[in-house]
Amino acid sequence: MSSNAFGQLFTVTTFGESHGPAIGCVIDGCPPGLPISEADFRVDLDRRASGRSRFTSQRREADEVEILSGTYEGRTTGTPIALLIRNTDQRSKDYGEILDTFRPGHADYTYWQKYGIRDPRGGGRSSARETTMRVAAAVIARKWLAERFGIRIRGHLAQIGELVPRSFDWDAVEKNPFFWPDAGMVAELEAAMNALRKSGDSVGARVNVVADGVPPGWGEPVYGKLDGDIAAALMSINAVKGVEIGDGFAAVSQRGSEHRDEMTPGGFLSNHAGGILGGISSGQSIVATAAFKPTSSILIPGRSVNLAGEEIEVRTKGRHDPCVGIRATPIVEAMLALVLMDHALRHRAQCGDVAAVAPRIPGAVGD
Amino acid sequence: MSSNAFGQLFTVTTFGESHGPAIGCVIDGCPPGLPISEADFRVDLDRRASGRSRFTSQRREADEVEILSGTYEGRTTGTPIALLIRNTDQRSKDYGEILDTFRPGHADYTYWQKYGIRDPRGGGRSSARETTMRVAAAVIARKWLAERFGIRIRGHLAQIGELVPRSFDWDAVEKNPFFWPDAGMVAELEAAMNALRKSGDSVGARVNVVADGVPPGWGEPVYGKLDGDIAAALMSINAVKGVEIGDGFAAVSQRGSEHRDEMTPGGFLSNHAGGILGGISSGQSIVATAAFKPTSSILIPGRSVNLAGEEIEVRTKGRHDPCVGIRATPIVEAMLALVLMDHALRHRAQCGDVAAVAPRIPGAVGD
Amino acid sequence: MSSNAFGQLFTVTTFGESHGPAIGCVIDGCPPGLPISEADFRVDLDRRASGRSRFTSQRREADEVEILSGTYEGRTTGTPIALLIRNTDQRSKDYGEILDTFRPGHADYTYWQKYGIRDPRGGGRSSARETTMRVAAAVIARKWLAERFGIRIRGHLAQIGELVPRSFDWDAVEKNPFFWPDAGMVAELEAAMNALRKSGDSVGARVNVVADGVPPGWGEPVYGKLDGDIAAALMSINAVKGVEIGDGFAAVSQRGSEHRDEMTPGGFLSNHAGGILGGISSGQSIVATAAFKPTSSILIPGRSVNLAGEEIEVRTKGRHDPCVGIRATPIVEAMLALVLMDHALRHRAQCGDVAAVAPRIPGAVGD
Amino acid sequence: MSSNAFGQLFTVTTFGESHGPAIGCVIDGCPPGLPISEADFRVDLDRRASGRSRFTSQRREADEVEILSGTYEGRTTGTPIALLIRNTDQRSKDYGEILDTFRPGHADYTYWQKYGIRDPRGGGRSSARETTMRVAAAVIARKWLAERFGIRIRGHLAQIGELVPRSFDWDAVEKNPFFWPDAGMVAELEAAMNALRKSGDSVGARVNVVADGVPPGWGEPVYGKLDGDIAAALMSINAVKGVEIGDGFAAVSQRGSEHRDEMTPGGFLSNHAGGILGGISSGQSIVATAAFKPTSSILIPGRSVNLAGEEIEVRTKGRHDPCVGIRATPIVEAMLALVLMDHALRHRAQCGDVAAVAPRIPGAVGD
């Protein structure tokens, strides 16, 4: 029931503070025999890393993953896999003056009320630095899901402030620092972010994520539903305030005759449901969305209180992200991967001997 | 890790199919000494019950709760509380012909793919009938939360199709069958629902829920966050496709200077966050929203396949809800209550000896 | 984390007090497709039932199991299976005078200290009546384990007071009311029990249990070890004070050269380990033992205190078992079955795609 | 449900192989505000360390604990505490030839059957090296239990082969390398161990552990019983084959009139129960015992098979313990501490607002 562990059977326990000695995780329940090396973590950690562009905060960690356990001669053994990243860019001196300050919109006040003590250095445990280990753990999940089922998980930024893509191309996503699917708008985004940075303010964002190739039957009714677990997973990411599956809130004003995804022997005719019915995957693409709030770490002064209960003015110093959503795409992908990995194992625990049943409707049509 | 259990410390395990002999639940972890009798369940079960108005389906269950264990002389003893409701209106003959049919937008196909067997009578386990026990279990949680902390949990319908309230009054909510906060619109809603029913179609809805009086400090970072657990809880309700905390998706286009809730010694100046920062309650009102899809049980024929994989036409018979969201408000309230109850216990497990720390900012201001 | 639930993946949640309206359980995680009917429970519940012989207490429950959910047309569907037994022989009047008495050797005092309230009728939740549902749930586990793996679980009484069997025959066990493997000693046991009953005293017992046919590889290091879970399972039975795996305490004075079970291509040469090495099954028979204390419900007066803290004399009235171990054999078998069922599912969750690896040594030799 | 995690609310997840880069653990759920520094681990790790005497194996690790997270300015913050120990004495060359050998009495064969892969270096994950982290984690538990409740946990060797103490003195225990309570027998033990080592064989042992000061009311019926959890905890230690609470197996031949612990206003008159009734602590000392088998790592050749399934002869090389029980006392203490810590938190989760109820009987008398 560890509050810092995610997943029932593929369990990822993370630890570490933003400016402590290290961050890390322990992955328990990984199937044995999967090839894993330290090089496997490079791509996704780089995708997530701060410092990727001028538009994300300038902390530059080496983020070198060390595998401490759980592999033998390059393969997982079934025992816990511990991953460690040393914090090399701690600069905790920068945070000296926020020791007795509660920043509005941050977890400073709530941690203090909960624990009666807090590590103020860089947000301590509440920092998004923790999400590095989610991405690292998901590298293993993604590899297994791809090898065993051909599952591919991809995300992209779908909105930033008022801006939405005017066209969509998966190939564009990895070619710009925003994970933006419309290559023609990148200059526009850069200009918007520069203006925002100059204004000292920040803006929210929306990230979409899609998993292709998930077999039908994953998800545990009624409190371990696949969509319920995705919702918890995405909402647990720093700054997320909303989650949708499939059409999400758009379904509120839809008609049943429009929303229900009709089926034919050739496949589903649409995917309003986002690939999940009754909490169980249908074989269609899993589609989810997360809403990120604008970061509260901005240069514009704000009202708050200090430890003595006195009114103060707070202003973030140094460079911070004008939009935390920009680098959130790999994290959203990671959380979806962790949910799917866990449900792959949960499904075969209970239903591992259920033979595939007819009729199996192709999932791809209408996705 | 039971998939049919909700909550880590206040654990509610539900069982039962829509048209089986009974539905029920076992509540484990309830503090001892709480007065509970069978009469306590009446109000909330009636609020939830189908058959409340012409606009919800006509199944009329007695829904008489029997307390099978866990109380002695009208008080909880700390042992598991089992609640049982016999299904008295089963009419399973009505469902004979859907035995080999997969209804679009329903869980028929996914249950079949998962388990290789399904109980087709009334949707079996995937029926919203299961939510009756969530409401029943939440009666106990709400009573304890009210007695110990003065917590009040209230919900209302916030949108139905394209209709949104033009005014807001909590007092109006319980006085109409829609849990609608604008008394002046009730006739309009009735007309809209009648027209919808005649058309044989359905529409989605949005339900808001608010918890007042939650102390600061509840919620477990980083994977047992209060908002993460609320997201899972609401998404686990039948037909829910989206969840928001506080401003939710509206935060995507907000600025940080607008979204962050500034604090003063007299209280918070706004509540965009919905009462949760870093996954922990701030002392402000907890505010959450759920989006309900339009039910797929409609009179308009739809394309599907049967067990033999042949294309068929499906049309729901009998009377069904034109909007399942209408009776969802008590269920959304119930799930928030169960989350809060669980976190009350989790918080005191780890932090039970943390004395209240200064400064404590009033939560009410700006809510 | 429910304290009244057993098992991680095959989760059995029990409820009910000795003299409440009913006892029952919810079984979550059962694989779909298993044939189960109410008749399946008859044999094992009768084996466990009090009233089997003159030497166990005279409560005579019908113990009719009702299946409330989780099956369709006689097969499990993968949804929770709820079982219910109404308490028909409550006679709570008999317990009126123990309301303010703490019986020595019972849970009266500890429940009172824990909860500040207790159900005194027949021991309430601490009564061995709860074990009825363990036996009922295990019926399902045993059936699946037998069908899928050919696993057979058998127990017998191995000591009662000072008496130990002088010969051993599995066939004798089910033919006498003591589950005693030496048919020639049954008259001797009857005489001993009669003498003990006349003396108003009680005596302890030892129960052995053996599971044949368990494949190698079940058990989860390092805190979900098969032997660790068996130890918890057996120790959770009322009146158990000790648990052994294989040679158990005899290993203390053994030499390594004697204890280690040598292996040959034809099989293991001995089974001192009880079929478990490093917490994982070896393919040999699983062998475990439980020590039962003498019941404290005896006619001989004992010193105690009452609710007012005054010294009193306690004497059990009515008929009680001179040895609770006599009817414990089916309960010990049940707990072993529940552990094995759970580990069968846990094993295939993580290692479901590990093909059987050579060399596989026959388990039977030397058992 | 992580198999490498122990405890529900004070959750210790361990990782690491005997000859991998490091071992470590993550402790989640520790109450905030507890003073902890790296120096706190020294005493107990030294007590446990191999190399303490000539009679335990000669591996000499520095066993320097590094605290990676969860503390700020020397106090716990409520976030996960990660502890790391680098393996400095790996010498994996020594293990080259056991790569394709299954040692009898070890986990080699069972790990291989379970996972289809194993880390053969020093036993990999099945090595008792893992218990180092149990002792480290328990340092934190013991400190909190002592500060909050005055709980003291002490263990001693109670039998080694045929030898049992002829006198008992707690003060003697820490003054000899055997944790033996009879100072006058130490020379005798040394001689016995020397003879055993020369013979190339090993012998079993029995360890007793006692916790004083545990309040009444800890333990969760019916599947989270204090004694059930102790049984699992002790049985999970490498080489343990039996567990007793209180009188344990001696209760089999006791009478009820002898075993039941009578109560008076002045206290209990005996403690046959080992401080636990109905799974809940009584306020008396908690008393438990573990039986350790003789290690299978001996110089005397034994029969086994290799990876090819061929019959081979196995003989352990290098120096190994003639009795693994000698250094087990701190591990047994640690596991009892972890169980008690977990139950302290579990108790206050559910019953945190139950005021102490009268009468409270002194636990000390008769212990």
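Each chain gets a letter, A, B, C and D, in the order it is written, and its residues are counted from 1.
By definition in this document, a residue touches a chain if its C-beta (ideal position, glycine included) is under 8 Å from a C-beta of that chain, and two chains touch if they have at least 3 such contacts.
In UniProt terms, the chains line up like this: A, B, C, D = Chorismate synthase.
No experiment lies behind these values; they were computed from the predicted model shown.
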So which one's got more C-beta contacts, A-C or B-C?
B-C
Among all chains, whose Cα centre is located farthest from the one for chain D?
B
How big is the gap, in whole Å, between where the Cα atoms of chain A centre and where those of chain B centre?
26
So what's the Cα centroid distance for chain A and chain C, whole Å?
45
Please report how many Å separate the Cα centroid of chain B from that of chain C, as a whole number.
39
Would you please write down the residue numbers of chain C that are in contact with two or more other chains?
1-5, 8-9, 14, 29, 32-33, 78-79, 114-116, 125, 221, 346, 351, 354
Chain D residues touching chain C in their complex are 1, 3-6, 8-9, 14, 102, 104-107, 109-116, 125-126, 130, 159-162, 201-206, 216-225, 227-236, 238, 241-249, 251-265, 269, 272-274, 276-283, 291-298, 300, 302-311, 346-347, 351, 354-361
Flag every residue of chain B that touches chain C in the complex, lowest number first.
1-5, 8-9, 11, 13-17, 20-24, 26, 28-29, 32-33, 66-70, 72, 75-82, 84, 114-119, 124-125
Give every residue of chain C touching chain A within the complex, in rising order.
1, 9, 29-33, 78-79, 148, 221, 345-346, 348-354
